[in-house]
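There are two complexes below, and they share chain A, which is joined by chain B in the first and by chain C in the second.
Moving on, here comes the complex of A and B:
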């Protein structure tokens, strides 16, 4: 263990004294802090905007005055997606998904106000976030800082002197791998500490433990990710004879893994499982209600049957004779029917998106960058699964609200609800999932990072025996 | 201390070392003479375990080189033609790093004494090695060997490129190492230096040890004549 520590200590000392690396490390630190602060400022701005919008909409809802319950259900409720505290570390799909949904009776609306749509075309291609820095830029910097680590010692003869001291090539390579892993982990930890401080100031103790778990998990998986990158680079540095050929190889690998493969898998996914257009989605819902699905009859048949059974149950021949206002009950029956149709169609829509994403997920077994990208979004609660969760919670709230208003329409003292009535309806509150929930959906990516780490550790331990020493 | 028995090294069809047999005892300085490509450096690389032999074996202090369980690396030191140290570290730091890798942790005062023993002037100890001359680097190399307390030291043309004064200083250190009971195997082109410091002299040609002599058996002129006739 001492030998590893000595290698790490002196490798770090050597890097610190190298002017080029000192500039590089200064640049990395500035860039890390810049992305953290810019991200934080953006988060504060977005949070303020969304809170203001949500508060304004709540006020409008509460101050409707005395209105017909069914009209109120049509007026609906507008919910705004709260900005995830970690989304400024990794914005994930958030810039490309809507943030505001109008919830109303009879129909499910799409979320609107996509953040990226208000940005310039350059930013739409991907903004500089701390996540991008960690996933794409840091690996490139690891390559630049470590690719000459063994080849240099071999070229200038220091390697022979090192080996003659009784240190094995394996120890030397592992020591160097740990050095570069820890250097970039250090930058990550510094940035995360600053981030944690900002978050602590922002939220106090609220949800702090969940944020802390997510940050600790983030450090762990990035440790493994940097270990993977440093292992490949340093191992190849021990195998190659030409540093220029090695650099070209490593840059090609970086380019293919972090740029080409993710784009290619996304394109392939879109081709393999094409997504329905909104128009086609709506049309399929209309068709499904006309013809019925599974055990559900066509809507007109269903409505007629419901009306008949209602009258039969209350022994009346006219809906007007029911002991309550039939409109609210019929409306709720219609709502229940349409919910089944929607769940069926939206389930298919989610399945298609998941099928598209599964191509990228499976490619993560070959590509650790893809794995870390998906894991990072999951940890930062900004992946598509978290977006679906928001949609599901919004839809659940809509159903409860509409059911409540229909109930009021049917059984309320008057058709109009009092102006105080709306104050009894709780505001929409998005419930953030736990980290366990987020990670449970990324098992394959976790397996990928774990497998890559174990295989490369095995390669460093046994593969170095087959590398020529001089 | 060093026993080389029927050692052969082939690179494809090229027979780099042919049936080498050689013994270096404690206190002996064995100088290997020969032209470039004669097999001197290959012999040292084989002894240090950097490359595996095709056949034959090498024993150091009774233990076979390349035997995984052996501890030969702790008994040997190596001084190459140019001791390539880390230019951004000082002489002291280089010595500390290499000593730590060999399993020794010395106080600064002890490290200073090794450098002084190797004749490196005191004011250079804390200076970065990037500004050292070749001779100064060689002295740090000797200090590394001293700090390791190696019983056997391999030197690969260590005086090549040194000025006469530095060569003289280096030779005196090697003589002192021999007097201290260290075994030294040194590859060199320098006939006069070999005569000055070697207790034994070998002449290699095309991977073979053609002559193996005791210093007392030959004078510089005879050695020069024999060397020129051999190569």
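Moving on, here comes the complex of A and C:
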């Protein structure tokens, strides 16, 4: 253990004396602080915008006065996805998903206001978020600061000296890997502490534990990620003779892993399992209701059967003779039918998206960058699964709201509901999932990071025996 | 070997014949070295494969949008034939049908359910830009503002986030890396191989750098031209129809390649080691391609959510203010609306006239809020362009997108045009309907048609947009030239 500690101290001493490293250190610090504060400001702006919009829509809903219950269901409700506190660390797919949905009777609307759809192509270069820094820039800095670590020792003869003093190459390489992992982990911890402070100021104790678990998990997976990068770099530094050839190789690897592969797998996925067009999606729902699906008969048959069974149950021959207004009950039956059709079609849409994304997910076994990218989005609640969760919760709320209004239409004292009635309907509230829920959907990525770490540790322990160049 | 001072007449002056033969000799050896470098040759092959994939992917994207557009056009043709039958059928069999007779232009419009389309250009296969995120067909029937009936195509957010693997991506991201990989050690590599001194006594190093970079420049330009020609052919572009855009496209490529070579020349001129050169050039690539564009992107904020809600959700509660107007108030407000079309004066307004007047007020209000959103988007876009001098990579992407008509400004132009068209169409119908004019197949056929022509990205616009890039090239070459003279004596 003492040997490792000495190597870490020696390596740190060398780095401290290196002016280039001091510049790099400053650069990383400035970038980290910049991304955290700019991200925080942006979060506050978006949060304020969405809260204002949501509260305005709620007021409009509450103050619509005496109105027919079904008309109120048509007017509907507008739900806005609350801005997630962690999304400013990694905005994930949020710039490409709608944040606002109009919920109304008879139909499911798409979320609108996709931020990217009103912006220039600059958005495709990505946002300089803290997540981008951790995933893409930090690995590069690890490469820049450590690629010469063993080559330098060999060139200036220190390597021979160290080996002659009884330090094994394995200990030396492991020590160096630990040094570089720790340095960047230190940056990460400092940044996370600043971030945690901002979060604490923003939310106090509300949902603090959930955010804390997510931050701790983030530190853990990034520790493994940096260990992987540092291991590859230092190991290759021991294998290569020429530092420039090594640098070019490492830059090429970085480029292929972090730029080419994620783009190529996403594009390939889109070609491999193409999504339906909106037109054919809508058409498929119309067709399904005409012909019926699974155990459901065609819609007209279903409606007729429902009407007949209703009259039979109440022993009447005309719907007008029912002891309640039939319109509300019939509309609810229609809703129930259409919900099944929608669930079927939307389930198909989600399955296609998941199939498209599975190519990138499988590639994470080869590409640790892809694994960390997906894990980071999951931890920051900004991946496509969290988007689906928002849609599901919105749809659940719509169904409850429409059912309530249909009930009121059928069994309410008057056709028009009172002014105060709407106050009884609770506001939509998005429930953030637990970290366990988020991570459970990223098992393959977790396996990838774990496997890479174990394999590289094995390589550092046993592979150094095969390095003959001293 | 005699040393000459380089001049602008370098290639044409017979005095420099000897230089030309030296240059050709160096190019020849560079070619031999390249052929022997297996690593580099494999990289070339991979790059070619990636470029072809990118071209085919772009084509796939364009074909998909075209198929959807075709589906819409087919649906429109069916609706048109139904609407024609409706117009030809004059049904006054009952009193109510007689009363409704005057509203037939509106009914024909509802049956028609007109859509306008923002078609993908041929070049969009080469530079998809933002075309995959913008809605590209809009319902422009009379009842709604097109801003309130936006149809967003189905997307995979992960795919949008990853970006498009098109030819412009290959040029913008990969070609600079190839240039860096080729040139980072043009001189330092000779020092590493201990051939530097040998070369120095035969040729001035400043010239050697230029000759070597010239060879690499020709190689890269040749490769990129090959990609471009393949892209043009696969995308179905023809010289007869698209020569101008092809030339602009190629000019953007040449300027961009020159830009990266000038940066490499500058770094090489400082006579540093191969590692330091690779480190510096790698850092410059990261800063220019990743950090600067994404940092500028951070500055821009999304548009106002409330305005977007008001422009999009124009139904129900939000529009009560117009429904609560008295008939006369609604008509007065309707008459006061600004537009360049004949004003229909309703003599004996019926309930349907009032309803349409109210709808017009609602639609105009939606257009007004959409106008605020669009104004913000335009301002934001201008802000982004104002950072052009420090964001040359985005300017190059922007130039590609201008040729392909896949940038925000092209989309907003289309939206503007579509909104004007919808208003024109509505007022044509109001004129027929509210002035109780005759409506037959002749009038139906005179329904306004939507025409939208993308403005051409001219050389003068391109020159204006890329003036900063040209400035950077001149600056880098100038400093580099001085440095080589100073450091490689």
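What we mean here is this: the second predicted complex is superposed on the first by the 464 of 470 C-alpha atoms of A that agree within 3 Å, B and C clash if a C-alpha of one lies under 4 Å from a C-alpha of the other, contacts with A are read in each partner's own complex, and residues count from 1 in each chain.
Everything that follows uses one rule, which is that a residue touches a chain if its C-beta (ideal position, glycine included) is under 8 Å from a C-beta of that chain, and two chains touch if they have at least 3 such contacts.
Everything numeric in this text was worked out from a predicted model, so none of it was measured.
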Pick one for A:52: touches chain B only (first), chain C only (second), both, or neither.
second
Partner chain in contact with A:429 - chain B first, chain C second, else both or neither:
neither
Chain B versus chain C as contact partner of A:251, first or second or both or neither
second
Please work out whether A:14 is in contact with chain B alone, chain C alone, both, or neither, and reply first, second, both or neither.
first
Considering only touches as defined above, state whether A:166 meets chain B (first), chain C (second), both or neither.
first
Return first, second, both or neither, reflecting whether A:317 touches chain B, chain C, both chains, or no partner chain.
neither
What's your read, chain B or chain C touching more residues of chain A?
C
So, A:158: does it touch chain B (first), chain C (second), both, or neither?
first
Take the contacts of chain A with chain B and those with chain C, and give the residues found in both.
none
Write out the stretch or stretches of chain A touching chain B in their complex.
2-3, 6-7, 10, 13-14, 17-18, 156-158, 160-167, 468-470
Residue ranges of chain B in contact with chain A within the complex:
45, 48, 50-51, 73-74, 76-78, 80, 82-86, 88-89, 93, 97-98, 100-103, 141, 144, 148, 154
Chain C-touching residues of chain A, taken from the complex the two chains share
31, 34-35, 38-39, 42, 45-46, 49-50, 52-53, 56-57, 60-61, 64, 71, 74-76, 78, 80, 92-93, 95-100, 102, 110, 112-129, 132, 136-137, 140, 144, 148, 242-244, 247-248, 251-252, 255, 259-260, 262-267, 269-271, 274-281, 349, 352-353, 356-357, 360, 383-384, 387
Chain A partner contacts - residues on chain C that touch it in the complex:
43, 50, 53, 57, 60, 64, 67-68, 71-72, 75, 129-130, 133-135, 150-165, 169, 173, 177, 181, 184-185, 188-189, 192, 273-275, 277-279, 282-283, 286, 289-291, 293-306, 308-309, 312-313, 315-318, 373, 377, 380-381, 384, 393-394, 397-398, 401, 406-408
